[in-house]
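Across the two complexes that follow, chain A remains constant while its partner is chain B and subsequently chain C.
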Partner chain A sequence: MLGGVFHAAVLFLVAAGLQLVFGVQRILNLACGSFYALGAYTGVSAVGWALGAGLPAPLFVLVLLAAGVALAAIGPPIERLLRTIYDRDEAFQLLLTFALVLMLEDVIRFVWGTAPVQLGGVYLVYGQARIASTTVPVYNLVVIAAGALIALGMGWFLARSRFGRIVRATAENREMAEALGVDMSRVYVRVFTLGVGLGTVGGALVIPATAAMNEMGIELIVEAFAVVVIGGLGSMRGAAAGALIVGVLKGVAIATWPEVEMLAIYVIVIAVLVLRPAGLFARATA
Partner chain B sequence: MMTSRRRFLKLTGAAAAAVGLPAAPARAQSGPVKIGVLAAKAGVTAPVGESGLRGVQFATDRINAGGGILGRRIALVVEEESSPKDTVERFRKLSLSDKVDVVSGAVSTGVGLALGPVAEEMKTIWLAWDATTQKGVEETMPKPRYSFRSCDNECEAVMASILTAKNWKGAFRRVAGINPDYSYGRDNWAAFLAIMKRHGIEVEVVSELWPKLGSTDFTSHVAALQQAKPDLVFSCFWAGDTPIFMKQAHAAGLTQGTKFVLTTGGGVHESMKKAFTPEGVLLGYNSMYFEHPRASALMKEFVRWHHEQFKEWPNYESDHGYFTVVAYKAAVERAAKAAGGRWPSVDQIVAALEGVEVESLSGPRRYREDHIMEATFFQGYTTHKNKHDFVTVDPVEAMGTKQIQKPSGVGLYDWINSWKV
Partner chain C sequence: MARALGLAAVTALVAAPWILPPYHLTLLLPALGYSIALLGLNLLFGTTGLLSFGHALFVALGAYTAAVMTTHLGIKAFELVLAAAAGVAAVVAVPVGLLCVRYVKIYFGMLTLAFGMLFYSFLYKFYTLTGGDEGIRVGRPTLLGQAFEDLDKVAFLTGPFYYYALGLLGLAALGMHRIVTSPFGLCLRAVRENPDKAGSLAVGVRSYRLAAFVVAAVFGAVGGTLLAVPTGLADPLLAYWTHSGNLVFMLLLGGFEHFLGPLVGAVVFIFLQDQVMSLTPYWRFVFGVILAVVVIFFPRGLMGLLAPRARAA
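After this line comes the complex of A and B, so read on.
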C-alpha cells in the first residue's frame, strides 16, 4: 500500500506537468518523462557536489528541490521551440516532443554516460519507521508528503492566485482570454516552465531511493499516460486521483497477484475509456 | 496487362538479388581483416554492449601490435545493436557493403534469435557475445553452420543453485523469486526450482514477482516480500535494477536475516555499494571476475588497462568480446596451416573454429563442436573487506561449463533430472 502511494506521489508530479501543459497549451508533451530523468541525474550531481562542499547530510532534500526547480530553466528555450507548432496538427507535436525525448536521452548519455548513476548514503539519513509491522524508510514518507503538498499548492494556486485564474481562463477559452488582454506568449512560457519544473522536481525527489537510468523517462511516460486517461486529460484533480489509482493498484496487485501488475492498470484504463471516455475528472470542453 | 516472360525473369532476378540469395560474397584476401562489431549503445543493454566492445578493442590492439592475423591488421567496423529488425539490417550491411570477414557481437536474446538465420543466409561467421539462438531453453537452430553462440543463459542460475544447495541446505525453506519479466527471468527461476527439487530440498515458494525489465521502483515489490517473509530471495537481475532493488530492500530492513542469491548482479558490480549490499550474499559474476586472486598476467594487464582507460573495473562481457576476436585469429591460423599457408576460406575457418581453444582473460575458453562457448563461471559470497566502496566476493567459487551447461541435444530439465546428487 505505502509502496504504491510512494510511486503515486512521483507519478503525480510527472502527470501533473503533462496535464498543465496540455490543459493550457494543448500540447501533448511526451518529453515530460525526459524532464523527470534529467531531474534525477541533476539531483545526483547536485547533492554529490553539495555534500562534497560540506553540507550537512539531512539538508540534502533541500538541494534536490533546488536542483529540480533550477533545472526548470530549460523550460523557456524548449517552449520557444514548441511555439513553432502550436497551430499545427497534433501529429507534429507528438513528433517534435518525441524528438526531444530522443535528444535529451543523448544529452544524458553524453553528460553522465550509459551506466546507472546513484546517490550514495543519503536514503536512510532520516532513518526508518515501523508502520503496521513493516519497516519503511522515512524518506519515502517525505516524498509522499512533498507530493501531497505540491498537489495542494497547485490546487490553491490554480483556484485562488491571479496567475492561476489567468491560466484557467486560457485553458477554457484561449481567444477570449487573448481578447481580454492576456499576453498569451508570456502565459505559455510560464505554464510550460512550471510543467517542466514539476517533472524535474519529481525526478530529483525520487533519486535517493533509486538509481538514475537513461530509460527511466520512457518507463514513466507510459504510466503517466495511463494516469491521464484515467483522470481525464487536462485536469489537475484527475492527475492526482489517477496517480493514486495507478500507484495503489500496482502495489496491491504486486502484493496479491503479481502476474497482473501491468494488466490491472490497463483494465482500468479500458474501463474508463469505455464507460467515461473523457476520464474521471474531465473538464467540460467549450 | 500481360507480363512478358523476359520482364518476369528480370523481376525474379532482381528479387533474388534483393534477398541476397547468391553465394557468399567474395572477401578481400589482402589489406586489413575486417571485423564487424554489433554493440548496443542505448537502453538497458548499453553498458553491456560497451563492455563487450572494450574487450574487442583490447584484443584488437594486442593482435595488431603483434603483427595482426597472418600479417594482416585487424580493422573494426562498429555498428549498433538495437531492435532485432534494425540489427539484422546492419548485419546485412556489414556483410554486403563493408564486406567484413566476421561479425562479433550482440547481447540480446531477441536480437540473437533474428541474427541466427541471417548469418546462415549470408554465409557470414557470427560470433555472439551473449545473445543466444535459444528460445526459452530450447534450441531454435539445432545445427547452425555460421553462428557461434555464447554459453547458455541458465549457466549462472545452475551454478548459483548448486552452491545454494551445497552451502545452505537446511538453512532455508521459504523462498521468493524476483526476476525480470521475460524469458531470461522466467527460465532462471524455473531452473533454480528444478535444481532445488533434484537436490531433495523442500522449498515453499512464498512469492514470485515479475517486474518489467529496467524498472526503477521496487518499493511495492519489497513491501510484498516483507509480507511474504522469505528465508531466501533469488534474483537474476543483471542491469541497473539490481542495485535499485538491493537499495530499497535494505532500506526496508529486508536484508537482515534473509539470504540473497543474485545470479548475475556481478555484471554491475561497481554499483553494488557496501552501504546497502550486506556481506554473505551469493553474487554471480558470470564468466569473468575482475579481482580474482589467481588472475593470469593477461587478465591483470586487461584490468589495469580498463581502469586506466575508463576509470571502471571491467565485467564479464569484456571477456566474451575478447574471446571472439582471439578465437577467430586462432581459427584462421589453424585453417591456414591446413591450407598450406594461404588465407583460408570462410568454410575452412568455420571448421577450424569448431573445437578451437584459446587463452581468454578469465582462463581457457573454447567453442564446442556444436558452436557453443565453453568457459568458467565465477560466483562467491560478498565481503566488505576490500579497497572499494562496493562489495567483492571472498571466497571465489569457479565452475566450468562442463559442469553447469547442458550438453548439446538434451533438454535442460531432462539433464538436471539426470544428475547424480
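After this line comes the complex of A and C, so read on.
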C-alpha cells in the first residue's frame, strides 16, 4: 500500500511533466518516460561519484535532486527540435517524440550499457519506520513527502506566480496570450524545460529503491499515460489523483494478484474513457 | 507514373528469388507481412485520418492465432490460419473499435495504445495460456494443401512461402485498392477532411471510422500471421507499443499519401534496419534520427519524394 504511494509520488512527477507540456504546447510527449530513465541513470552516477568524493551518505538525496534538476538542461535543445513542427498535425508531433524515445534509449545504452545499474547501500541509510505493523524504508516516506511538496509547490506556482499565470493563460488561449505581449517561444522553452525537469527528478528519486534499466522509460510512459487519461489531460490535480489511483492499484495488485497488475490499470483507463471521456478532473475543453 | 512504379515493384518482387541471395529473401518476408499490416494501418491514418498507436495489437493477434492453431490445435493449413486470424481480428476489432472511434486525434492514439498494452500485459502475464515472455512456437504450415516436406526451412521460406506471401500481398493490395477507390473509400476521405460536413451529408461518421478500423485490424492480423511463420514464434513484444510506433514509422517512411507507401516503407525499413544493426549496436539512435528527419523535412515520405503529385491513397 505504502509502496504504491511511493510509486504514485514518482509517477506524479513524470505525469505532471507530461500534463504541463501538453497543457501549454499541445504536444503529447512520448519521451517523458525517457527523461525519467535518463534521470534515474544520472542519479546513480551522480550519487556514486559524490559518495566516492567523501560525501556523507545521508546527504545523497540532495545529490539526486541536484542531478535531476541539472539534467533539465537538455530541455531547451530538445524544445528547439520540437519547435520545427508546432504548426503540424498532432500525428507528426507524436512521431517526433517517438523519435526522441528511440534516440534517448540508445544514448542511455551507450553511456551506461545494457546491464541494470543499481545504487547500492544508500536506500536504507535513513533506517526503517514501523507504520501499522509493517516496516517501511524511511527513504520512501522522504520521496512521498518530496512528491507532495512538489505537487503543492506546482499548485502554488501555477496559481500565484507571475509565470504560472502566464502558463495558464497560454494553456487557455494561445493567440490571446500572444496578443497581450507574451513571448510564446520563451514560455515554451521554460515550460518544456520544467516538464523535462519533473521527469528527470522523478527518475532520480526512484533510483535508490530500484535498479535503473534500459526499458524503464518506455515502461513508465505507459503508466504515465494511464495517469493523465484517468486524471484528464492537462489537469494538475488530475495528475495527482491519477497517480495515486494507478500507484496504489499497482501496489495492491502486486501484493494480491500479480497477474493483473498492468491489466487492472488499463481496465480502469478504458473504463474512465468510456464513462468520463475527458478524465476525472478535466476542464470542459478537450 | 504511379502505375509504372507499381509495375516495377511487382516485377522486382516476383523476380527476387532468382536475383537475391536467400539471406535477403528472408529479410523480404517480414517486409511482405508488414506491407499487408501497413496497408490496413494506412486505411486508418492516410485515408481516414486516425493515427493508431496500437496497430501492433492486431499484428500480435494474427501471430498468436497462427501459433495456437499450428502448435496447440494441430491445424496446419495456412488458408484456415489466415481465415481464423482475420475472423479473430474482426471479432476483437468491433468492440475495441466501438470504444476507440468515439475519439479522434491524440485521444484515439492514446486509447489504441492502451488497448495494445492491455493485450500485451495479457500475453505477458498469463503464462499458462500464452506462454508468457517465451511466447508460443509457430509450426510450419501447409500451403494450399502442400506440405513441402522435402524442402528444408530456408528453401521452404524462400521458395513456396515467399510466393504465397507475395500472392497474398498482391490480393491484399488489390483489395485495398478497391476499398480506397470505392464510394466507401471516398466517404472515409470525406470523414478525414471534414467530419462535420460528411456527417451533414448523411455519412455516418462513426460507423465509417469503425468500418475502417475493422478492415485495418483484419489486414494487421493477416500481416501478423505472415510475420510469425518465418520467425517460428509469436511473442508478446509483437503487441508492445514501441512495435506499434515502428509500424507508424514504416508507414511515414514510405509515405502515407501514396498507395505504394506501405510497401516501400516496410521494405526500406527492414533492409535499413538490417544494415544499420550490422554496423552499430546503437541502431535505435540512428533510426530515431532518421525518423526525426523524415518527420521534420519529408513528412510525405519516400514516395512523396519520388512521386510528388501522386494521387492520395
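Here is the rule we go by: the second predicted complex is superposed on the first by the 285 of 286 C-alpha atoms of A that agree within 3 Å, B and C clash if a C-alpha of one lies under 4 Å from a C-alpha of the other, contacts with A are read in each partner's own complex, and residues count from 1 in each chain.
Heads up, the rule we're going with is that contacts are C-beta pairs under 8 Å (C-beta built on N, C-alpha and C of every residue); 3 or more make two chains touch, one makes a residue touch a chain.
The shown structure was predicted, so the numbers you read here are calculated from the model rather than taken from an experiment.
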Superposition on chain A - do chain B and chain C clash or fit: clash
Which superposed partner A:Ala209 touches (first chain B, second chain C, both, neither): first
Touched partner set for A:Thr193, first chain B, second chain C, both or neither: neither
Touching partner for A:Gln118 - first (chain B), second (chain C), both, neither: first
Which of chain B and chain C A:Leu273 touches, first, second, both or neither: second
Which of chain B and chain C A:Ala91 touches, first, second, both or neither: second
Partner chain(s) touched by A:Val101 [first = chain B, second = chain C, both, neither]: second
First, second, both or neither for A:Ser235, with chain B first and chain C second: neither
Chain B versus chain C as contact partner of A:Leu81, first or second or both or neither: second
Which of chain B and chain C A:Leu28 touches, first, second, both or neither: second
Set of chain A residues, in rising order, touched by both chain B and chain C: 105, 109, 258-259, 261-262
List of chain B residues in touch with chain A within their complex: 41-44, 46-47, 50, 207-212, 214-217, 219-224, 226-227, 239-240, 243-244, 247-248, 251-253, 268, 270-271, 273, 275-276, 312, 389
For the chain A and chain C complex, residues of the former touching the latter: 28, 30, 81, 84-85, 88, 90-92, 94-96, 98-107, 109-110, 218, 222, 225-226, 229, 233, 258-263, 266-267, 269-270, 273-274, 277, 286
Sites on chain C touched by chain A in the complex: 45, 51, 53, 99, 102-103, 105-107, 109-111, 113-115, 117-118, 121-122, 124-126, 241-242, 245, 248-249, 252, 281-285, 287-289, 291-292, 295-296, 299
Of all residues in chain A, those that touch chain B in their complex: 1-4, 6-7, 10, 105, 109, 114-116, 118, 120-121, 123-124, 128, 134-137, 139-140, 206, 209-211, 213-216, 219, 250-251, 254-255, 258-259, 261-262
